[in-house]
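Before we start, here is the structure in question, set down as structure tokens.
Chain lettering (A, B and C) follows the sequence in which the chains are written, and residue indices restart at 1 in each chain.
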Amino acid sequence: MSKKTLVIGGGIAGITAAQKIAQNGGEVILIEKEAELGGNFAKLAFTFPVLGDAKALVAKEIDSVKSAATVEILTHTVLQSCQGSAGDFTVELKTATGTRTENVAAIIVAAGFHYMEPTAYTEYSYGRSPKVVTSLEFEKMAAENRLPQGKARVAFVHCVGSRDKAKGYRYCSKICCSYSAKHAIMMKKANPESLNYVFYIDIRALGKGYEEFIRLAMEEYNVRYIRGRVAKVIESEQKLLVRAEDSLIGNPVEVEADLVVLASAMEPPEGSRELAGVLGIATDEYGFFQEAEANVRPVNSSKPGIFLAGSCTQPMEIAASVAMGGLAASEALTLIK
Amino acid sequence: MLEQVKDWDDDFYEKFKPIAMGFVNEAEKCLQCGKCTGQCPAAAVTPSYNPRKIIRDLVNGNLKRVFSSVELWQCFFCSGCYSVCPMDINFPFFVFMFRLAAMNEGYGWEDVKQLEGYAEKDYLKKGITVSTFERNPEAMETVGDISKIRMAAGLPPERKVSDRGLAEINMISDLSGMTSFMKKIGGVELLDCKTCDDAQMKRCKNKPLPAKVGKIKTKLRFYNYGEPGGKAHAEA
Amino acid sequence: MPRPDKVAQIPKPEQIFFFKSCVASNKYPGIESCGWDSLEILGVQPVDSDEQTCCGGFVTFANVAAPTASMPAVARNLSLAEEKNLDTCVLCNGCWTFLNEFGHFMNHNEEVKGSVNMMMNMMGREYKGTSNVYHIAEMYYRLKDDIAKNVKRPLKGVKVATHYGCHYLGGGKYTAIDDAQMPTYMEELIEIMGGTVVPYTANRECCGTGFTQIINGKDLSLEHTQHKLDSVKEADPDLLIVQCPYCHSQLDRVQQQLNYRQAAAYETPVIHITQLVGLALGLAVPKLAFAAHISGRKRLEDVLDRIGR
């Protein structure tokens, strides 16, 4: 019988799981469908709540998993079929060069999340005005020093695609409140002349140091928080008119903005239902992988021997993905002992 | 002013839902996110108007505030709020049903009275709600005789609804209670603002208020959701 | 962008029941004549009935008629089309939403439909719910190739701005053929007919008539319309086109009222999409009935001079 573990997805959750198994003497095959490891973490410029250098942080993790002797990394690779049961799975992998069959004891699914393209939000002029971008595009702009110059007004729009039954998902994406604060701070740091406005419904920043981080944005970086979901963004000559209700006052307000940043939803990874079908495990109503029990078995899928890690189960931040990766690793280790 | 929650109506909404024939659904889904108000044309011209607040009062059961408000009668029925609402709440339908409920409580009859004429004189007599009659003398002067224009365009001088058609809509009106409703509210001239004395004007935050509209005693309405706005108020 | 699946659902029938509009008939008859003639040219024969009445929307939203009174009125009007086995074509956003929304309601509520039919039966009619209601603008979009083939008076050099109107796009966010926030089908039609589209900031703003606000809350109504008109004026189109006679009346008439009240100078001609299509398809000038229009009459004449009478 095999002693190997298959890890699907080379984001931070998958990388962590692979490392932990290797450190405990297990063998791992880590498959990643893209060319590079790192997942969405690698697309960020900075991390909340301490403004860590994302590129450096993720590079360190990638390096250490690459140097682990018992981890075999296969990029451009996806799972094609899966037979068997806990302790004895036969999996067929489609690699860049062909197919390959392996026998593994455990499987960890760490397929991450997909960032929603808010094309349905025509009221926000997304897709029409180049000055309306998503938060992920903002990370890229920040990394490439393309943020607006001078006395620019920037509006950050919360809950785009989240908490929205009509055009998106009913759930809350959990971390966009925090990363929008991060973006407002990044904006102010990059351009001290800029004026930043965050439009929110409620602030959901739950984690160590998160509340303080939001307050930091308000207190130290003069970010203006306006309670009200943005109703529309209208193009008007060179400006964007952002209209919302300031619901703590009860009056509509308008910001003439130079850039509008949409905090779009974290949705299930592309093809999650198909992957679940191949593995024979359950997904929830949205397509995230379903845990066996939400409180004490968060990394167990509906099938013994298959474990879940990171943002493929629900929207989550890096720290939680890492924690889940570690727990999934220790579950997998029990099967190869 | 300290509000007493015990004064709110605990189950009005649940009771109202079936009466409103499905037009007042899913208010409990409202997130209080304010997207509706941010896009609302009425809110953009008068700050006290706020659809979000009206929904809030409905769900909480503070109906006195909704029903006795002027704001309930300020919606443009533009459906803009519905078109952006993340929860698909069709607020203009709420307003429509709420106005009926408010009338039941004795509010707003003077507004409806102003509109009743269209139903009585045009809709039921001619089958067409908008008549050729021009209120605005200037418009009349510019346009002239509309029947001539119709004829030039190859249409009959007047659009006529057949006798059978007219009989049928009158029958619908009689059977559905619309006619008796109109009888109730007809027959009383509205007061003119100019006839009010200063003391009355002070009390009246609103419009000319007749004591009675038809056989119904009307109640005062107030700006319950804040200071009224609009240019007219700013100048006054 | 128009939704292809919705557009594909619109038929191209030989005949269609032509549902007239109160405002169109009595204030802007050109909408009626152009609507009728253009459909004929495009190969769809309109069918009239003098038994049709107002859709009932106004008295309903004026709260004079409760839904119990307006449901049968809707059912009666739709049954006229059903008797002829035809779908219904309307000229007005209000008629569209009202007939659609209340028709839909009855179709999905057997109890209400049953009691409405009791009343219908008393007058020898029946409401089945088989006639689909289409807005004439939707029909035009469906027939856009036929329009392109039949353009006789290209709108060359004519600057046209659009106003879609709330009750089609907003109220019909799941049923209209285009996106509620970023519609483009009218722009497409204008370009097909050779016109130039002029964008303006307040395009998607409401016309301000607010159903009854223009009567009961005139100040609010005028103030809102003025915002809109200011934005239109800035873009300075030759024509502002609407697809709803009620918006038409508001935008046309309020200009004159504002000019009178504030000594302002709003002079943009407002015409209905039927009239624009009629113009392009080469209908005789009296058929367009521009004489019934109030604002920008001179500019209308200029346009006619430029593209040929």
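One rule holds in what follows: a contact is a pair of C-beta atoms (placed from the backbone, for glycine too) under 8 Å apart; a residue touches a chain by one contact, two chains touch by 3 or more.
Everything numeric in this text was worked out from a predicted model, so none of it was measured.
Enquirer: In terms of C-beta pairs in contact, which of A-B and B-C ranks higher?
Expert: Comparing A-B with B-C, the pair joined by more C-beta contacts is B-C.
Enquirer: Looking at C-alpha means, what's the farthest chain from subunit C?
Expert: So the chain farthest away from subunit C turns out to be A.
Enquirer: Would you mind pulling out the distance in Å between where the CA atoms of subunit A average out and where those of subunit C do?
Expert: About 46 Å separates the centre of subunit A from that of subunit C.
Enquirer: Once you find the CA centre of subunit A and the CA centre of subunit B, what distance in Å lies between them?
Expert: Chain centroid spacing, subunit A to subunit B, equals 48 Å.
Enquirer: If you average the Cα atoms of subunit B and of subunit C to get two centres, how far apart are those centres in Å?
Expert: Result: the chain centres lie 23 Å from each other.
Enquirer: Residues of subunit C touching 2+ other chains?
Expert: Within subunit C, the residues that touch at least two other chains are 180-181.
Enquirer: Could you say which residues in subunit B touch two or more other chains, in rising order?
Expert: Residue numbers touching two or more other chains: 44, 84.
Enquirer: Identify all positions of subunit A at which a residue touches two or more other chains, and write them in rising order.
Expert: 123, 232
Enquirer: In the complex formed with subunit B, which residues of subunit C make contact?
Expert: Within the complex, subunit C contacts subunit B at residues 20, 22-23, 25-27, 29-30, 32-33, 37, 50-54, 56, 58-69, 72-73, 76, 97, 105, 109, 112, 119, 122-123, 125, 166-167, 169-171, 173, 180-181, 205-206, 208-213, 215-217, 219-221, 223-224, 227, 253, 256-257, 260, 286-289, 291-294, 297.
Enquirer: In the complex, go through subunit A and note every residue touching subunit B.
Expert: Residues 123, 159, 163-168, 201, 227-232, 243-245, 247, 250-253.
Enquirer: In their shared complex, at which residues does subunit C touch subunit A?
Expert: The touching residues are 179-182, 201, 204.
Enquirer: Residue numbers of subunit B touching subunit A in their complex, please.
Expert: Subunit B reaches subunit A through residues 29, 31-40, 43-44, 47, 50, 52-53, 84-88, 225-226.
Enquirer: Enumerate the contact residues on subunit A facing subunit C in the complex.
Expert: 122-123, 125, 128, 232, 234-236, 241
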